[in-house]
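Same chain, two partners: subunit A is paired with subunit B first, then with subunit C.
Entry: the complex of A and B
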């Protein structure tokens, strides 16, 4: 008999416009000691399955059909009181974001002890002893003192360990982990996944691991369930599903995952995703306004060179200089980017890679060092007009597609703004025509112009950002994690788009990512950063095949190994 | 923590000095104090002598220093109109205002918080709708109108409660209190309700909004997934997180209740500082106005200091400066 058995599960969300079926007739089983991966893109209903199991569906969602059995005992029709005894006690849950999963005003000990006492009726002393024991098991050093610390005193990875300890308080039989490592850095991710695997083995717990990350699936799970639009499209052993996918959706999903092991020219298009029409080929970009009249100075040598760039943030202001506390976010970073080259910067969060990008584009003024662009030292120019001349040539695409567009402006105005600011055209009608062409080029179509940003999905918004960045006819584009907020299939489209544009317009690019496979697919050369320092710069292929610096080796080792099916092409 | 309090104290002193400066300006620039004190037929020599006596011929800085030193001891000179020392007047009026404001602040908190919590937890119950609708009335009706309506209903028509004054008071040292006599308590009911209604609706709406916000957070969801019951989630985890903005607003509101109880005090002829202030304005009684300004500023500064310290008590994230372990 399997531990958890989900049969014919259908979850509905009634709304004014009719009933939205989030999960449709899903059958899943989990065995003791097994990790079942549930994979799919946003909106596929994979989290809803997990929430339905512990009956914490967001209102007004409801289980419309199907049964859920835990060790043969039916749990989907329990009333709230009886269900409370199942939640936490027999089924533990781990959420995505460790930064918000803990009550910030209570010590981790208080939260652990509360949960332990709730389920196990221990007295204060025993509960505390168990809490310390749990913290030890999840690998928190010095648990005797750490237990009295508040969540903000732990790092993200450590907090996720606390969250896991909380989920394990009363030895649950099943653990549902909903994107447990998505918010974490690769090295921390590897540790947490290792921990989850170990716990499953040692305690014989059955785990449902919900994720969108194929790498995580490949590394951790025994079996995989692939979900697409609320339906279970494929279920099988991890090995079989990844190497030999049967369903078309699984095939295209897997082909969209950037491969860490090999560079391919373009991502195969995911035909299963709507709004995936490729950029219009009937527009010849090079002879268009965008490609023409690029009145730039000819540059000999590198287009951009950064010399000993340094950035110091003051973290604590004080009256006397010596009492100030500061953080050196970027320390003496130097590199060159040749014309037409795609240069990658890779590193974990806090490594200073975004700060470098912001100094290059002038959002931050560096504390020291020089940014040389097209032969001019940008940090020395104080004349705004002269500076704008160079600023126009470099544009930036930001990470978060939701907050980087002004929600009160129409797409047309958003894209036209830089054109007007830099006085690229004299007439409004000409600007409008250019905006329409730009929207065609990034694959949105001219009809997008009259809409507002909120009418678009994340991937479409990122296309708007790219259109805006191209509007000044730049020759240098900075992309700061342009796809890390997006699903893999959308990511593949955006990366394809960037590749096409780079080739057709001969753009030079600085591409920042924490995702090594993406870097491998996109970049010609890569710099590895840690703690504000640039540790290694190498040709991409050289770095991936024979990394020199220890940290680069370490990063590559931690990268979830996902090797898709043998490529047909 | 001590360093933090010390820093705040220093800032408070700066604020108080600024207020003292402005108040001092009142004496210097609003009318001539000598003219206010002497009769029509005083000769110029006598006036000059009085000036010398009062130190009005001293340099500006010396005068300001003297004023500040006196103010710190609670000395603001004589009231022009009542001919008694301002400090005595304050001593007489302060207890009335403080009692009224503190009782109504407590009333507002004790009623407003549970109502807000209830409205957040049971979002769709008919009682919540009633609270929300009636709170609109509370926010939109001006205080004086509520006061007059209450007087009309309970004082004039039903004749249950007195409509003005403090009733009998008992003296505990120099502090006069109406809390120990029946008539004093009765007299307190209408004005304190009048003063509390606006604060109560404000607190209720604030608590509700904050609580709804907190109930949507991940740690509440995670708590639910751990099997925690509603009571633990609502009152232990959610309420504490709700408190931070509530403390701010309540602190500021308490300050303004004390400072601006003048409308209520005049409607109910409550012998407090507000009423005194209004009369002082009418009589151009500068020492009284000055004393009132300094005192109110002091109360605001003190409350803000307490609020800041409470923040640090409630929110551990503020406790360690620098934050990192």
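Entry: the complex of A and C
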């Protein structure tokens, strides 16, 4: 008999615009000691399945149909009181964000002991002993002392370990982990996944691992369920699904995952979820307004060179200088970017890579060092007009498509703003024609112009963002994690678009990412950053084949080894 | 979402039709028509505002026109009572003025003071909050310390203080003619802090968003970024505060007038009417003070309920 059995589950969210079916007729089973991966892109309903199992659907969601059995006992029709006894005790939960799933006002020990006593009726001493035992099991060093610490005294990865310990308090039969490693850096992610695997094996616990990350699926799960728009499209052993996918969606999804092992020219088969069309073939970009009249000074040598760039943020203001506290986000970073080159910066969160980008584009003023662009030292220029001359030549695509567009402006006004500001054209009708062409080039079509940003999906917004960046006819484009907020298939489309534009317009690019496979697909040369320092700069292929610095080796080792099926093309 | 689906949508509309379409599609609009309390409050408020605006046409007599007032009609009870006169529905006051008319004219003045004060403090507060939040540093510290100091006084005291200062500077006659402006100014000054603090904190969350950085990368100046990009994104909560502040401003004005430092009896607001009527309460002429009082309560309540609904409707966390 399977441990958890979900039959014919349908979950609906009624709203003013009709009933939205988030999960439709899903059948799943989990066996003891097994990790079942539920994979899909945003809106696929994968988290909703997990929430339905523990009866924690967000209002106004409801289970419209289907049954859920835990060890043969039906649990979907239990009332809230009885469900409380199941939830936490028999089904443990691990959520995405370890920051918000712990109470910051109580020590982790207090939270563990409270949960243990709630479910197991232990006395104080036994509960504490069990809490320490659990912390040991999840790999927290020195648990006797750490048990009395507060959540903020733990790092992100350690906090997630505490959350896992919390989920294991009452010896649950099933654990539901909803994106347990998404908020963590790669190096921490690998450890947490290892831990989850080990715990499942040792305790014979069944686990449902909800994730969007194919790498996580490949490394951790025994079986995998692929969801698409609320439906279960494929279910099978991980090996079989990844190597020999049956459903078209699964094929498309797998081909969209950037390969860490070799560089390919374009992502194939990304058309299953198409949120835009290819740019019009009859639009010859190079001879178009965008490509023409590129009235830039000729540059000898590198287009951009950064010398000993330094950035110090004041973390604590004080009246006297000596009492101020600093954080050196970027320390003595120097590199060159040649014309027409795509230069990558890779590093974990907090490594200072975004700060470097923001100093180059003038959002931050560096505390030390120089940014030399097209032969001019931008940090020395104080004349706004002269600075704008260079600003026009470099533009930026941001990470978060939901905050990088002003929600109160129409798309055409957003894209036209840089055109008007830099006086690229004096006539309104010409500006509008340019905006329409730009939207066409990024694959949205001119009809997008009259709409507002909230009417678009994340990938489409990122396309608008790219159109805006192109509107000043830049020759240098900074992309700061342009796809890290997007689903893989959308990511593949945006990366394809960026590659095409880079080739056709001869753009020079600084491409920032924490994702090594993406870097491998996009960049000619790469710099590796950690703690504000640039550790190594190398040709992409050289870095991936023979990394020099220990940290680069470490990062490459931790990279999820997802190789997918042999490519047909 | 495929592009084909969205391709059907964009029908060309004129700017007005487009605005109406967006309004009707908005969640706040939807919430309004599905909240009976909001509809009720808005209806009452609207009726009161309209009857105040059209008071000269609606009121049975002009209570400020000495020619139509007859002292012989003074202190008549409402028309349904024994000694009532059918000409005066809600009775008359000590000078023979029709209570209904004075209430209509009085709420006209109360609303005028309220709206004007709200608009003034909104402009001042939003402007200062915007600068404070965007510029930060010393400018922010100075503006916010002034706000803190002001917050440690009750707003009625601030209004009293300003009114007092103006009175000592100006002669009695010129003060009477300027009383309306002085009181609007006093209430506006006492209220800007709320707007400034709210706008400042919204600006601080908005200014680190990437669309602001995108503006900086384009090269836009601080002023353009503040006005064109940040301001439209922080106005939502301002309208909520404005609505609730309107009720508060009307009450502050009434309080000041009740204390005798507000509007003079020659241009009576609701507060002045309550004060004047108060003197007759214990001699049995309750109607002189009760009707303006009731009007004030209903007006403030309706505006407040509407404001409460607006606050909830615009807070996505509560939906």
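Following the convention adopted for this analysis, the second predicted complex is superposed on the first by the 564 of 569 C-alpha atoms of A that agree within 3 Å, B and C clash if a C-alpha of one lies under 4 Å from a C-alpha of the other, contacts with A are read in each partner's own complex, and residues count from 1 in each chain.
Methods note: contacts are C-beta pairs under 8 Å (C-beta built on N, C-alpha and C of every residue); 3 or more make two chains touch, one makes a residue touch a chain.
Please read these numbers as outputs of a predicted model, since none were measured by experiment.
Engineer: What is the contact status of A:169 with respect to subunit B (first) and subunit C (second): first, second, both, or neither?
Structural biologist: first
Engineer: So, does A:203 touch the first partner subunit B, the second partner subunit C, both, or neither?
Structural biologist: Neither partner.
Engineer: Touch check for A:396: first (subunit B), second (subunit C), both, or neither?
Structural biologist: After superposition on chain A, A:396 lies in contact with subunit C alone.
Engineer: Which partner does A:450 contact after superposing on A: first (subunit B), second (subunit C), both, neither?
Structural biologist: After superposing on A, A:450 lies in contact with subunit C but is clear of subunit B.
Engineer: Which partner does A:472 contact after superposing on A: first (subunit B), second (subunit C), both, neither?
Structural biologist: Second partner only.
Engineer: Over in the complex, which subunit B residues touch subunit A? Could you list them?
Structural biologist: Going by the criterion above, the answer is residues 217-219, 221-229, 232, 236-237, 240-241, 314-317, 320-325.
Engineer: Where on subunit C does subunit A make contact in their complex?
Structural biologist: 1-3, 6-7, 9-10, 30, 209-211, 213-221, 229, 232-233
Engineer: Please name which positions on subunit A make contact with subunit C in the complex.
Structural biologist: 16, 274-277, 358, 361-363, 384, 387-388, 391-392, 394-396, 398-400, 403-409, 417-418, 421-422, 444-445, 447-448, 450-451, 455-457, 460, 465, 468, 472
Engineer: Would you mind writing out the residues of subunit A in touch with subunit B in their complex?
Structural biologist: Residues 54, 56, 84-89, 92-93, 95, 97, 100-107, 114-115, 118-119, 149-150, 152-154, 163, 166-167, 169, 315-316, 325 of subunit A touch subunit B in their complex.
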